[in-house]
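Following are the structures in question.
What follows is chain A paired twice: with chain B in the first complex and chain C in the second.
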Partner chain A sequence: MKRKAYLGIDIGSISTKGVIIDENNKILAECYLWTEGNPTEATKKVLLSLKEQFDPERYRIVSSGTTGSARKLVGSMIGAKMVKNEITAHAVGTTTLHPDVRTILEIGGQDSKIICVENGVAVDYAMNTLCAAGTGAFLSSQAHRLGVEVEEFGEIALRAAKAAPIAARCTVFAESDLVHKLQVGCPKEEIIAGLCKAVAGNYLNNVAKGKKIVPPVVFQGGVSKNAGVVRMFEEELGMPVLVDENGHLMGAFGIAVLAKESQKEGEFSFDVADMEFRTREVTCGKCANHCEIICVYRDGELIDSWGNRCDNGAIKSR
Partner chain B sequence: MERIQKIGIPRGLMAYRSGMLWKEFFEGLGYECIFSPESDRRILEKGTGRAIDETCLPFKMYLGHVMELIGKCDTIFVPRTGGYRTTEKMCTRYEALPDLVRNIFRDEQVNILTVSYDWYNRTTEEKVYLELGLSLGKTKKQVKKAYSSAKKHQETRQKNREKAQLKLLESEKTRVLLAGHPYVLHDAYMGGELVRILENLGAVALYTDYVNRENALKRSYEFSRIMPWIINREMTGATMLMKKKVDGIVIVSAYPCGPDSLVNDMLVRRLKDVPVLNLTLDAQSGTAGLETRMESFIDIIRYQKAGGYGNQN
Partner chain C sequence: MEIRIDDRKKVAFPRFNHYDYAIRYIVEQGLEAGFVLLPPATKETADLGSRYSPDYACAPFKHTLGSLIEAVEAGADILVETGGLCRLDYYGELQKEILRELGYRCEFINLAEYMGGKKKEWLRLAKHINPKLNPAKFVTGVYEGVKMAEYIDEIEAAYFKNAGFEAEEGSYKKVYRQFLLEMQMAENKNEIRAAYQKARQAMSGLAQRIPENPVRIGVVGEYYTVMDEHSNQYLQEKLIRLGASVHRFMNVTNCHFRAKASTMLPKISEYARYSMGPTTTWTINSALDYAKRGFDGIIHVKSFGCTPELDAIPVLQNISRDYHIPVLYLSYDMQDSDTGLDTRLEAFYDMLERKKKVLQ
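Let's turn to the complex of A and B:
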């Protein structure tokens, strides 16, 4: 008899993550790649990569879940049994691996969040609002400006003797600050260290404002791979900050665990990776709200739709 | 005043508190009275087009409602409401409302019916309505009768809402208190969306303005002795009264509200032992962000009650 396995996909604005776990929450397959503005294509690529790592002789996927900003779209695409917000998914993922965690810091491509945990359950959270200052996208654009790869940022920052003061409250101000620092001949590594410090400072002053940060602290999301930011957090908080080696997969892992715990099982087939998915945005004209309704088609057939504020805009799938 | 037959009331700001009182008062004096329609995106866009950028979302919406009424009535009722006491004032937009409307719609030459009261005049609500009625050329007796009848109905309506809300507290569903200004909570486009999301998640919405006003006001003085705004007083007082009776509190503010930015921060610090979500509504038309935030919040409440995610056995 084949053993049960569970699939979790986390589709963020910048990156898409996928994992397959077994009944003991062991990761059997994993994948991390850029969304590139196309969640359905990114999901297909993730599925193909997971399929290669997966042993269908020993395991079969009995349930799947999706999270992240495109969770609904991809959820209806793969027929997920569990579609949940990223706060819960991250809280579940992290508390599974670190049962004693009290504070989860998360900085992703375009958003950042803090989750406060008590007795293994989230009790409070905060997310950044409209502005994406101090997230991965900000660091990437600054790396581009400095002519270095963002992946090298951490290492370079750690080499710096000190961090140049850079305002990170707003990306526009940070950029002009950075240009100024370059013009006055400030060494590049000090600027990079300054950017890392600014990201940590911006996060603590905005997203984490008013939240009590209690150890143990786990830091995850793409930016947690940046050792410079990790060190700045440790300095600012005066406590160790743990980065899990699978921290970038935590949302996908969490939603896979939730799919497992839900005990809702349903067939999943890698065949969806070969199907054609198309989305269409329809502006509803039934009332003055003009809701933007998203319709998802699989091989030309409407399978799901959402975005309508009232029932007048409901578009039924056949 | 020249012949007025039909009075229009913009469905925004204080209309969500006193709109029916106004309507019945005017009807009691023999006028026809109409409201602008429920808020939607088109009304907001129209209002936004006439407002300065920095003003708040509800005020932009209000301007849209004024525009809905232009040409459909003889005059539009836009009162200047300062407040009756120095610690129970309204925000400056209310104090300036008729002037703002008159100037913004100068080209349209809108006919505005107004009445003005301010905390330094030491007046009462009854006197204000008397002044308003007399300005319309009615007799003292007519005005007093119209006011007391309209006021009585308003009180009954409020009592019924309070009773209905107390019943909701016995609900088996997740009970979420929406704390905010009435004109945000009950606006079809702003708060209406939140209520819809809550209901889809199987939760019930309760409102701070459906809590007994006198009790809420009294409680607010324990929260702050000097806070000057009456709406924030009623909202914070009601929140303090309700905090132990609900499963969670969502503090709702419409961007950018000056009083809320000061008060809500303080309120969050005073709310212990109950899940709180601080939510700011803006003009973004997408609702995905709101859904994510509300769903996460409801999850926190439910998994806490369940004692965990089931992942640590």
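Let's turn to the complex of A and C:
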């Protein structure tokens, strides 16, 4: 008999991640690529890549889950049994791999969060509220301005003798700080180190405000791949910060674990990668709320819709 | 042939959750004047309010201004705005100016001017609205209207406490909506009481299915945003749909008629020695109470830039640390999308539920 496997997909604003795990939470297949503003296409690509790594002779996928900002759309697309927010998914994923973790720091493309863990279960969390200052999007826009690839940031920052002081609370102010530093002839690596320090400082002052950071600390999300930010965190906190090599896949891994735990099983087929998915936005005209209802079509047939605040706006498939 | 023209003046108040019905009762039955009952607020209301408000005014200002503009458009003769203990006290004045500049020529009564005034002043105001006023009927009307507000608070609290555990989907909502409908139609105290008793009886007869790890959440925060469903994007409704039991101490009954700041301050003396303004004492008192009673989590609600509630946050952080109870802080401006809120609430609920499962 074939062994059971579970699929998890994490569709973020910047990147889309997918993993397949077996019953012992071992990763059988993984994929990481850019969303490029098109979650359905990105998911198809992820599924095709996972299909190549997957051995259908030995395993069969019995359940699937989606998380991230496009979880609902992709969830109805692949018929996921588990559709959950990314905070829960990250907490579950990390505590599964690191049962002794106490604090999870996470900086993603457009959000950042902190999760406090006790006895292997999340007990408190906080998330950035109003803007995306000090997240991956901020770093990549600054990288663009400096003419460097954001992937090289960490390496360059580590070479700097000291970090230039830069305010990271607001992206606009940070940018004027940065321009000023460039004009006075500050070396590029010091500015980059300053940016990394600003990201860490902003995170600790805003998102982690009022939260006690207890070791062991795990740092994940796209920005955790930046060695400069990791070092700044270690300096600020005065404790080692662990970055898991699979840190970028943690959301997808977590949702796969959740799908496994839910024990809801259903047929999953890689065929969805070949189907055509289309979404359409309808503005409901039945009251002044003008809800934007999102309809998802598979090969021209309506499979799901959401976004209506009341029953008057419900659109049902025939 | 006698032509009867309704020459009663039509009074309007900004929307405020379901208290519109009680205010309407006071105006129609007590003052014997007309009342403009507005339909539920929509996105249009919020848009209207934000368009004509100063950018940095807090969200309640924008919501109430939107309501007032819609009320004039609906034919109100007299607009009434209340006063309060924070910036709210100045809002009536400002809204009056804004409406005048927009060219609306209706009368505007700013209750801030009457706060702390003598009873005689209030009676004069009532006589101004209705020259044929019967003072005895007015007093009875106010009393019965207040009673209605108390009943609404009680049924609402029962609804949010239990509906998350309902065995049949929508059974609580059905009773609750019927009750609110009857509150809209009630014309005397017997009708009010009958509807209240019916709703109580119906709710206590409904079957519940209490989950393995029931989650209890206490909601605290700033007066208007925490009570007005439209302002807080139906926060409590979202929580009961996730399956939680939701408690909110702050309501008109507890804020104005029952709990007094002077009796609450000694209870919270460990955390705050003096009052920090409008509703912070209620916020801290109820948060501490939820923590002591072993609730699973607290949600703190305020409008963006609300200084008194901002001052309460460090105190809540202390309570959170001492009693090991997570607090979710929500700050409302004029958002369009529910997505961010949904993600946070779902994560909060999941966390509390998993925590209970593992740590029990």
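Assume the second predicted complex is superposed on the first by the 318 of 318 C-alpha atoms of A that agree within 3 Å, B and C clash if a C-alpha of one lies under 4 Å from a C-alpha of the other, contacts with A are read in each partner's own complex, and residues count from 1 in each chain.
Rule of thumb we're sticking to: a contact is a pair of C-beta atoms (placed from the backbone, for glycine too) under 8 Å apart; a residue touches a chain by one contact, two chains touch by 3 or more.
Remember, it's a predicted structure, so these values are computed and weren't measured experimentally.
**Student:** Do chain B and chain C fit side by side on chain A in the superposed arrangement, or is it a clash?
**Tutor:** Taken together on chain A, chain C would clash with chain B, as the superposition shows.
**Student:** Could you look at A:V257 and tell me whether it touches chain B, chain C, both or neither (first, second, both, neither)?
**Tutor:** So A:V257 only meets chain B here.
**Student:** When the two structures are overlaid on chain A, which partner does A:E86 contact: first (chain B), second (chain C), both, or neither?
**Tutor:** Both partners, chain B and chain C.
**Student:** Between chain B and chain C, whom does A:A208 touch in the aligned arrangement: first, second, both, or neither?
**Tutor:** Neither partner.
**Student:** Just to be sure I read the superposition right, which of the two partners does A:G120 touch: chain B = first, chain C = second, or both, or neither?
**Tutor:** A:G120 contacts both chain B and chain C.
**Student:** Is A:T96 touching the first partner chain B, the second partner chain C, both, or neither of them?
**Tutor:** The answer is first: A:T96 touches chain B but not chain C.
**Student:** More residues of chain A are touched by which partner: chain B or chain C?
**Tutor:** B
**Student:** Thinking of the overlay built on chain A, is A:L178 touched by chain B (first), by chain C (second), by both, or by neither?
**Tutor:** A:L178 contacts neither chain B nor chain C.
**Student:** Touch check for A:V217: first (chain B), second (chain C), both, or neither?
**Tutor:** After superposition on chain A, A:V217 lies in contact with neither partner.
**Student:** Between chain B and chain C, which residues of chain A are contacted by each of them?
**Tutor:** In chain A, positions 69, 84-88, 91-92, 119-127, 129-130, 210, 287-290 sit in both the chain B and chain C interfaces.
**Student:** Which residues of chain A touch chain C in their complex?
**Tutor:** Going through chain A, the ones touching chain C are 69, 84-88, 91-92, 118-127, 129-130, 210, 212, 287-290.
**Student:** For chain A, which residues count as touching chain B in their complex?
**Tutor:** Per the touch definition, chain A meets chain B at residues 25, 69, 84-88, 91-92, 95-96, 99, 119-127, 129-130, 210, 257-258, 261, 287-292, 307, 309-310.
**Student:** How about chain C: which of its residues touch chain A in the complex?
**Tutor:** Residues 42-45, 314, 317, 320-321, 324, 326, 329, 331, 339, 342-344, 346-348, 350-351, 354-355, 357-359 of chain C touch chain A in their complex.
**Student:** Show which residues of chain B lie in contact with chain A when the two form their complex.
**Tutor:** These residues of chain B touch chain A: 40-43, 189, 193, 196, 265, 268-269, 275-276, 278, 280, 282, 284-288, 292-293, 295-297, 299-300, 303-304, 307-312.
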